[in-house]
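Below, subunit A partners subunit B and then partners subunit C, in two separate complexes.
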Partner chain A sequence: MMRTTRRTARGGSGGPIVRSAGVAPPRTATLLGLVALALLLLPLAGLLVRTPWAGLGTLLTDPSVLRALRLSLLSSFAALALSTILGVPLALVFARYDFPGKAVVRALAVLPMVLPPVVGGVGLLAAFGRRGIVGGPIERLTGVSVPFTPVAVVLAATFVAMPFLIVTVESGLRLLDHRLEDAAATLGADRWTILRRVVLPLLLPSLAAGMALCWARALGEFGATITFAGNLPGRTQTMPLAVYLELERSPDAAYLLSFVLLLVSVVVLVALRDRFLRVA
Partner chain B sequence: MFGNRNRVIPRARGLSWTTVIATLGALTLGGCAGTAPDAPDDATPGGELIVFAAASLTEAFDALAEAFTADHPDADVILNLAGSQVLASQINDGAPADVFAAADPFQMQQVGEAGNLAADAEVFATNRLMIAVEPGNPLGIHGLADLADPELVLVLPAEEVPAGRYARDVLEAAGVSVTPSSLERDVRATRSRVALGEADAAIVYASDVAAAGVEVEGVEIAAADNVVAMYPIAPVADGRNPTTAEAFVAFILAEDGQRILASHGFGARSDAPGSSDTSDEPEA
Partner chain C sequence: MSHSSRSATARSDPRQPGRLHARVEVHLGTLDLDVEVVAEPGEVVAILGPNGAGKTTFLRALAGLIPLDAGRVSVRGAVLEDPAAGVRLTPQDRHVGVVFQDHLLFPHLSAVDNVAFGRQARGERRTAARQHAREWLDRVGLGEHADERPGALSGGQAQRVALARALATEPHLLLLDEPMAALDVDARREIRRELRRHLAAFGGPTLLITHEPLEAITLADRLVILEGGRIVQDAPPREIARRPRSDWAARLVGLNLYRGTGRDHDVELADGTVLATGDRVVSGELYVVIHPRAVVLHAEQPVGSARNVWQATVDSLDLYEDHVRVHLVGGVPIVAQITPAALAELELGEGSRVWVAVKATEVDAWVA
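Then we have the complex of A and B:
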């Protein structure tokens, strides 16, 4: 089924405009859609126009840029792994259990999606900082403090990005045909087997979409990171932080850094998409 | 917490839509600042005055704006507070500003060189660095040398902002090498690390310590090692309200304004290196 959808989506590139299945949208809707496209693409076009390309070579060999890029990639993938390991189970709980107050708990769990990230960062400090409700006791007992460490970068990115994975996977779970799971159960499969052999394979498209969203959000994370993890090159300074600070000194370098970040995310998203959707 | 903060004094009227649209328009198109319909025609100070001021001036300019509007009830001072560099590039990109107060002569020079100042900039205040520590100074920090302890959680402003450059210079001059835990985006964010208890010490401006009240305590840096940070101010070219802009700058340079700045921990403009001690000499 996925394969057919995909072929339709692929078709048309290079050829004339062909309407795919379904009724064509009213002309006004098409026009408004084009306005949306312009709004989304113009800032990108602006970036590309303003980017001083001549500096790209020197920038890409600058050790501080490479450090920021490396940290961004490592921490965003670590956040993705953490979000997947913890977020998929939470999505399963939300999709398959009903309990009193579930609506409220669910809303709170995905709140970071709408919370200003800086507020998220302050919240993380209040929880895991040196005076935090969890961080305080941990520091007194072990002497370990989380803020200003790469762990804090991963935590901040996970906090803001995991909800995107949870909501995507949960809605995917709700759309699954329950009868397949019931059939597996009547055939004697236990819960783990059903999860591994039935649910997860069927879930793969929404899981892939959720993971891509989650990773992209983690890569671009700024507010919670700078608030909770601080900014130290090589340790907690990710690309978005480097861009922000570079803007204070040299806007040209900031444009270039933004472009590099943009390029990396496009490459990774395309790679993820092809890999996962082809499997499905 | 970062980016620009807008305040209206005395009564919150919010940024008018014309201002917002003019700003957006100017920022997008670059250079063509909008003409507001409510710009006053007469020569008495009044109307909306948009002041772009460095983040470290937040409390001082709140107080200055309040005192100014007490003298000129028809005037509405809108403060746009951000890092000096951000403000400078906003002005050079055509954001509507009437007055620019920077924490660094370099940023003012950037605006001047782009031809966006209506008059020469004048130093209106000075500042010095100070070590901010937790109230009661629990770790007994008495000077720059104590900051070398690698166990100490020290936070500095990033070198991209003026305070960070000064902090680096001061530490270098004193021959102290440090291992900071974080380099913060502006001096206020640096200070809040100590106020929130996440850092043991930070290097900030004396005025930041004064503005923090009881949240942090200041430890002086020996004058021989310290720097004098200069704050220049100037009316912006093509401002919509030049009369009020001139009056506001004059007010800050005069006795009342200087007294308010001093009460917020700033040094006198006569402390600036190379300044002749007659602080009221007329502008060239």
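Then we have the complex of A and C:
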């Protein structure tokens, strides 16, 4: 106890490693933790080491790369918008209503989080494909075909990413003190006012975290996209697909594209954090 | 729903606040609540009872947050809820102001926006609502804290903002749910005084939910003792102090309750005894309350700082599981609550002579 206090005090002035709180973990656990850290950081290090920086300028002016980057950004943000507009209401329903079979419905709704994305892609084809249970009638009635279009890219990303937003927002809703909503009701606020002026502002940290997770998942989407939207350069080829394709043709380009994707992720997440998470 | 609300509002005249008549039956889990309470305009009725008696359920039912199983609630002659007739106004449409136990201010809004919330929700423009809210904050003495978030306010300040928030909507009925339970002793004293002033200014009926007898006696015109979902007694404080009808209510009697005349820091009781109080009291008719725990007994004349010291005779002893109540006569009749160990140490029995000491700060006085 005494020693801990002394060491903590010394560490406070920028000294060596100190334990911040609680009981120190066994040495084995610390070592395994370091292995985990290596496993997580080595790929990033490898990427930085192997990226042929000289090619960055040429690559970033390559129209096909720019098209893939543009599509990735547009589709991931479109998926984020769609997930927010639809996912927040579903989270509200899950958090505030009880109905028979709710547990099953809820589990199925967030299944895409654990489902292999390629299975999701096959499912999307079965639903919205030209012979799909919904896509077939739609095409017969309107002549519009969804698969292998940019719309399909957005749908695929939304399918895999929205559940992350739903579970985050729902758990945030459960943590809210619902008596605040009672208080608002006694003050004369209707449901919309309560949602707009009490629930959403208090939900902001959860919402921001859910949106960040959702967007990141949408940006990285690969399996469902390639299955449902295909890999048409300039039309449905997103950055992850381009990276994979380049890896076969020119590994250097793949490294560069990966680095660009990494950079975009970091920049957007930091921006989101500064913008929203600080509010928490 | 909204239609019935409009007609309810139209029928009532805000300048003529009317009585509350509530017959409430709610069955919730193990609670079986069945009570009838009437409160006149300007009257403060305390609903007093042990935990689990159904006090908060009763309040939530009146506010429309819990549906009635049976009964009828009307304010100013307008029916808020009548299950038999299929009438049930939403909380929004009831014009019932509620001050919740832990204030429940909106943590993301400033004090002024909290108070303005209700008027804005009822359609008033933001600037007008905020202007009105500032006036209310001035009235509860928090004008300087208007722009602070609830997190920056003390418990007492937050509760005053909550009171302002409820009153700013000009409710037809005011409900206070243990408004001082979450406060420390000093804040309680301060809020009690404030509440008394604001409740006097509020023209409608007020229900005060509490499990603190002192709170009830100091603030209410009438006490309703609620136990196990039923009303055990419904009477003015002094009547219940004289003839409590349940063990729980008997604890009210344990409070030493006097009447007297205030004079600077002292109160002169009806029998001529003068008690020193910690506060500067207003002159005129006062109630004085001394909690039996604050009455200290000594075998020898104490030399401590207590300002009220006199010699008394033990009239009788009531033994409880963990404490003893000593009834003392000679001088001001008073009840002291002490531990069995203290009883043994003092070697007290009926007829024993003993010194009584009460600190001035333990003598609570308020205007009758």
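Simple rule for what comes next: the second predicted complex is superposed on the first by the 243 of 280 C-alpha atoms of A that agree within 3 Å, B and C clash if a C-alpha of one lies under 4 Å from a C-alpha of the other, contacts with A are read in each partner's own complex, and residues count from 1 in each chain.
In the analysis below, contacts are C-beta pairs under 8 Å (C-beta built on N, C-alpha and C of every residue); 3 or more make two chains touch, one makes a residue touch a chain.
Quick caveat, the model's predicted, so the values are computed rather than measured.
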Look at where subunit B and subunit C land on subunit A after superposing the complexes, then choose clash or fit. fit
Given the touch rule stated above, what does A:232 touch, subunit B (first), subunit C (second), both, or neither? first
Considering only the touch criterion stated at the top, classify A:109 as touching first (subunit B), second (subunit C), both, or neither. neither
First (subunit B), second (subunit C), both or neither: which does A:125 touch? first
Identify the partner contact of A:201: answer first if only subunit B is touched, second if only subunit C is, both if each is, neither if none is. second
For A:257, select first, second, both or neither according to whether it touches subunit B, subunit C, the two together, or no partner. neither
Could you let me know whether more residues of subunit A are touched by subunit B or by subunit C? B
Given the touch rule stated above, what does A:153 touch, subunit B (first), subunit C (second), both, or neither? neither
Is A:161 contacted by the first partner subunit B, the second partner subunit C, both or neither? neither
Minimum Cα separation, subunit B versus subunit C, post-superposition (Å)? 50
Which subunit A residues are contacted by subunit C in one complex and by subunit B in the other? none
Give the list of subunit C residues in touch with subunit A in this complex. 60, 63-65, 90-98, 100, 104, 106-108, 117-118, 121-122, 165-166, 169
Report the residues of subunit A in contact with subunit B in the complex, numbered from low to high. 118, 125, 129-131, 145, 147-148, 226-227, 229-233, 236-237, 244-249, 251
Would you tell me which residues of subunit B are touching subunit A in their complex? 1-2, 83, 85-86, 89, 153, 155, 158, 160-161, 180-185, 189, 193, 196-198
If you look only at subunit A, which of its residues touch subunit C in the complex? 177, 179-180, 182-190, 193, 197-198, 201-202
